[in-house]
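Below: a set of structures, written as structure tokens.
The following pair of complexes shares a single chain, chain A, combined with chain B in the former and chain C in the latter.
Now for the complex of A and B:
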């Protein structure tokens, strides 16, 4: 039979295993040619495997190394730089597990811990949008489950090509449908995220999925196979031929510009119902104390889980690969090792607990099979119908892969870009200024970028589990953790490819600052950071320069804000041919809310409340939504970063929420004050009358950072003003809430009905 | 003694936790019922919660209808057991022929999760006797296959007998026949609706607290006259 990939395979007659390349064969035939390049390995990497083993690898071993040493699994181009996150981490006593684990774990007090992580599923989502995005959700949920936590919510950060591009009509509805299908069926509320459009994502959309889970600190699980004699149990779906090479040939290579359909077999297929059973089953196993160690099966499947578990435990492992339950009986050891079939976990269980484990699995109808045992040999040994086909030191695959110090060079084009100052763009002036300002506001509000995201978010269940306090379109998602005390966690993700294109160091800090601000706006104290770093090919020095600047910016920024990076994900090769996406680090910030009953929404609800603009406004249009949509311009400098100001601002917002001084808080970001006012009016269904304290275009459309608008509760004006003064946060009264229009005194007024119509029809007009 | 209200968990049930919380909030004792149970453990009423029972394979509710616990429920309905099916629970009740009609794919072919207004049409049922006739409430609709369908004769009969539990007020979100959001059996004890009253019991975590009377109503109906 001919495989979609073009290779030919002879199917074995039923009951007779196909003859496989054994360890003895590898020793006997040292010169046999092996398809390492087709599996994504370089000649040097292939030679390194030989040097590690003292012989050529077997086909099964080659499969393991090819996926484990892929960029996606090994972080070989990024590892050197990611060390800064630990080196520059601010002192903290809340981090229970950090970088290197499946997800970071943070102690949030009252006997609770929270684990969260964001991960990319970009290439699968382009090749097969529905399943690609669906399995992105499934994968990150299992990462959280593997920490011993109950997954409690998801978020998604999405970027597509131009909203009106034909291919976006294919990709966006598929991606949103896939997330909706998987997340809804799994019973996890979707509490927020992002949606952005830019031509740079046309051939390479970004689909980043975040999951958050809750656990008791003592229930924390680590990916370690300890205790020789303990059994290795594979839980969940049978293994099939889907997703073979997903981590290597799909995730760790650029698109060639055509024929991506040929990579469809590398996309996994999801079954959220099985995942729901797997979640409930694993949680019951954990609570019964039956699991010594656990690992999810995601990228690189059985290869990854077995090498990481045994490397993590400092032990060895013996696995009978022919015991892995299959959906397709013709699969051989290499394919079984590389398959990324979904909804699988691997647990380490003492021999005495195997029976109770299997009985709980049977209760949940989750297939469970003992496939091996932990040894003290320090070797990962696998057999196929008795014949040894793998014999390697597990850490050589899991931890000691190649590390590259790729050349990085700031491209000369950055100079021209920086000098193309957005301050030179014509701004509305003269007699027609009022109507031009109004038109510019409506342009932003009615654009796909600035429009209402309900077309997307209405496909997601936000209510299930009954603990969602805030979700989109509010600044942050806010979940109740403990009904007794009101303890909760807030989450926000942000990224801005335009800012990072202009300056990846500053742009990444602006993404961090925005997510930090969004969390604080809800009244939660920012505590920890996760990140998904989406870049082009690391083999391009210009991309590598963007990457190193972004990592340095994030590490420095986290240090200054006092929030540690707890983990994350690097996604390279987001490019088609020679054209890379704009550098797009997406930063997720988690905060703790002491009492969610005191949450602060982003919409104006209360009439006659004073609207106060916090922070300094400067004429900063570089990378702004206004420059992009009004002038098609991207140049100059992004807004200035002031992390000390961000920190003070967050202090004010958290204190104001605790003391219930403000009824509304909304972050200023894309589209500046104009967009922020429009969104606050529409979200809360209440108008406002605002007087601009300076140049109209600057105050409406500049995107100066470290700014928020708040509506102060009547009677609390003085206390709020004092709070701002104490913290050194500039506070400017700009108007009042109320009425049924967004009124900019002396310039223009827009009835809310008109605003809502434009805002609400932006996406339906494009996507039906 | 407080009433004991069972909430069934099928594999793939998702809103069972929310339903138990709503039951408790109403002042009753929630009792977890497992799909494989061949006993109702003496509960006074049953809620079939939302979710994707058995993955919604074949057809929403089609497999759940054959679960052992459903056999018990179908038997007890004959002796007056009040049953409320929410979303997937409504689909199961229709598949089990405890309620007429069927739920089909939303007319826009997309999952809809939205705060909506519904109008309570029947206040003589065990689950809505705490409302006022014609009262409009805000609850959550979240479903992909929520369009109620029945033949013209059935629709006319439901209307004539006062078996339309509630209707979508304002625009029809999913193409349901006659704007029907929920129906009730001729006995007034078995009710099903697509929107989720259990997500609207506290304005902190839902769009309103308008859904709570569904759960307090049944306590009133169960109380000795």
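Now for the complex of A and C:
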């Protein structure tokens, strides 16, 4: 047992062979066969390790390279393309830390900075939905903690197979349960996200978790081990065999040399109470000025933290791996390096501060152990009971891994897809048009895709910590940062696999535009972007084409909207057999709200307010929810992207909120105006009477972008109209709020009670 | 009536935070010699007519245990 706060010297337990593959062995037996392929390395990559070291790697070194050069850690297939985010980044003076750090940090003024990031946990959530999703939350929270920030909220972007599929019945409740368990126990509000269904996610659900944290700019921490002589302290849970199989491997029983049982791929189990202690402990260490550098332990565990910290500091590091406190005494060096045990952090501390650090850790019941020290050797050296088992240049593992320019080719099938125009789909017409339009609205409102997500979101604590201003079902999550000034931040995530399937470049820009619009609808000024790029196998040229188009679309889009990408995550190999998921980049946008007391909700609350439709409506049904649900159709072109219009629209929304001209703003996206009106009525509990200014089916169900509905505060109509005119934003009066029905004049009316019943029962009917 | 006992435990390699929490409570309560605790579940199942252990095992795998992270054993009570 490790004494909390004490240092631990681990004697080799009986039964564990002390004999490990040492650096001397590697030199003496250059031709020993090593299971590099089983570890996921190619022959070329294995040869490259040999060339770097001038000898074959030891088993422990091979473990480090195999995880650090994995797609997940090295971004080897995506790195070349991701450079566009920096190259095309718009000029900004708010970015304090950007791509390459654990998370991006933006200055939001009044002496505050905010850090946020979204990351995937797709595969673990399929294997074991509850723990997979729970540890996804834990992992992203530690990323935010590693920047020196207090985590203040989380969000989740979830995609599953068809809602009525048996496996969705297994996966969805587990994922939602895991997120609520971890987040609720940890005491973080869950303020938004997405829930979508599509057959392409049946064997590969998407679970993307976002966390946001707040810090003072001067408290920013970087992952750098500086100052030779400084001590390396491992904080948090003891290390077990968790997640070693996640690196795809150790399937080989001969690997590691600890005999049978050396390989135990096992599910990671999250412990939110330990995470809470870790958060409070780290924040106290930061505020006491006791930490020189810090890194969370996520994928690739100790291997990742030690290589990235020493590479980040341009230093070396000496680590005694046998000092890592273990939950399972039979683990050897390779397994310790690859373990993904949860709730661990690594801190760099000056020798004089070790005692106070250990004492603060003891106070929080957080085990803490000095496992090594920073050196000026430029080498990462590790020993196992005194014998050298690792001796590598840290940047060769952390930064200088292989980079691939994988072939990308637009599949010929895109042409047929594009020519399958959704405009040809039959729309309600003739004498039965009115009842058909009504039926189509109810189909959307009562579907799993369009239905009320409360069954999910009510399992999350949305208001703990007391600073949540807006959460689901509003367009964006809005948090108060500073009670005195009302300073706040808004966050929204969006993605649309259907649009991206039709055109990954435009589809990604539409996801960006929607998140941007959602943030602006709350009254916040969009400031920065994070992204989680979910794709199939990069070894498939068609997938690689989708990926390159999506990255190019996002980089170009961010440039035009003037919001930089601050960081993110790439998740490849999301496929079932040879079939990839639809390309699904999820884009998160963060905005600053100058005064959350002037927030704009998405529901109609005020009666007799003029409803104004902002933006142009065209007959755009390609990829729409209506085409998908009503006709099972996915083809043609996604809606046109107009980022200049999005920017003007956001300017109007932010100014309208500041001047308190509007009582409601709700963005138009899936399901078009029909869904937007239904949601605004149900969220606010107030009906509306609307007159469509043109073709009914087009105005109800088209998904033209850059559109929002607002309810103007009575008396502010003129000022609002002038604001729109000044910014060149088309504004069409379409009706009034009030009453207890959603009425489309001349066509149909639906009592809110009927609408609420359909909308509210969609998910409970499926998931109980 | 015949009955069975089903014991469900996390697999040995799976992290057991509840067990760890109990172990540290033991230390606080003056049992420093407790080295570790693993926590599980025990079900007692009565059957109205004879059933094979195999059938009860099927039930355990379907409902009582999560075979991804847990293991179980079935015994006649």
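The rule we apply is simple: the second predicted complex is superposed on the first by the 729 of 768 C-alpha atoms of A that agree within 3 Å, B and C clash if a C-alpha of one lies under 4 Å from a C-alpha of the other, contacts with A are read in each partner's own complex, and residues count from 1 in each chain.
One rule holds for everything that comes next: a residue touches a chain if its C-beta (ideal position, glycine included) is under 8 Å from a C-beta of that chain, and two chains touch if they have at least 3 such contacts.
Source: prediction; values computed, not measured.
Asks: Using the touch definition from the top, say if A:394 reaches chain B (first), chain C (second), both or neither.
Replies: neither
Asks: Touching A:428 in the superposition: chain B (first), chain C (second), both, neither?
Replies: Once the two structures are laid over each other on A, A:428 reaches no partner at all.
Asks: Between chain B and chain C, which makes contact with more of the residues in chain A?
Replies: Residues of chain A touched, chain B against chain C: more for B.
Asks: Kindly classify A:465 by the partners it touches after superposition: chain B alone (first), chain C alone (second), both, or neither?
Replies: first
Asks: Could you say whether A:240 touches chain B, chain C, both of them, or neither, answering first, second, both or neither?
Replies: A:240 sits against chain C, while chain B stays out of touch.
Asks: A:597 contacts which: chain B (first), chain C (second), both, neither?
Replies: first
Asks: What is the contact status of A:365 with respect to chain B (first) and chain C (second): first, second, both, or neither?
Replies: In the superposition, A:365 contacts both chain B and chain C.
Asks: What is the contact status of A:273 with respect to chain B (first) and chain C (second): first, second, both, or neither?
Replies: A:273: touches chain B and chain C.
Asks: Per the definitions at the top, what is the overlap between the chain A residues touching chain B and those touching chain C?
Replies: 271, 273-274, 365.
Asks: Please output the residues of chain C touching chain A within their complex, sorted ascending.
Replies: Those residues of chain C that touch chain A are 10-11, 13-17, 20-21, 24, 35-36, 66, 68-69.
Asks: State the interface residues of chain A toward chain B in the complex, per the touch definition above.
Replies: Interface residues on chain A, with respect to chain B: 177, 180-181, 184-187, 271-274, 276-277, 364-365, 457-469, 480, 596-597, 768.
Asks: Note which residues of chain A are touching chain C in the complex, please.
Replies: 1, 127-128, 131, 237, 240-242, 264, 266-271, 273-274, 327-328, 341-342, 365
Asks: Can you name the residues of chain B that touch chain A in the complex?
Replies: 11-12, 14-15, 17-18, 21, 50-52, 54-57, 108, 110-114, 140, 142, 144, 196, 198-199, 204-206
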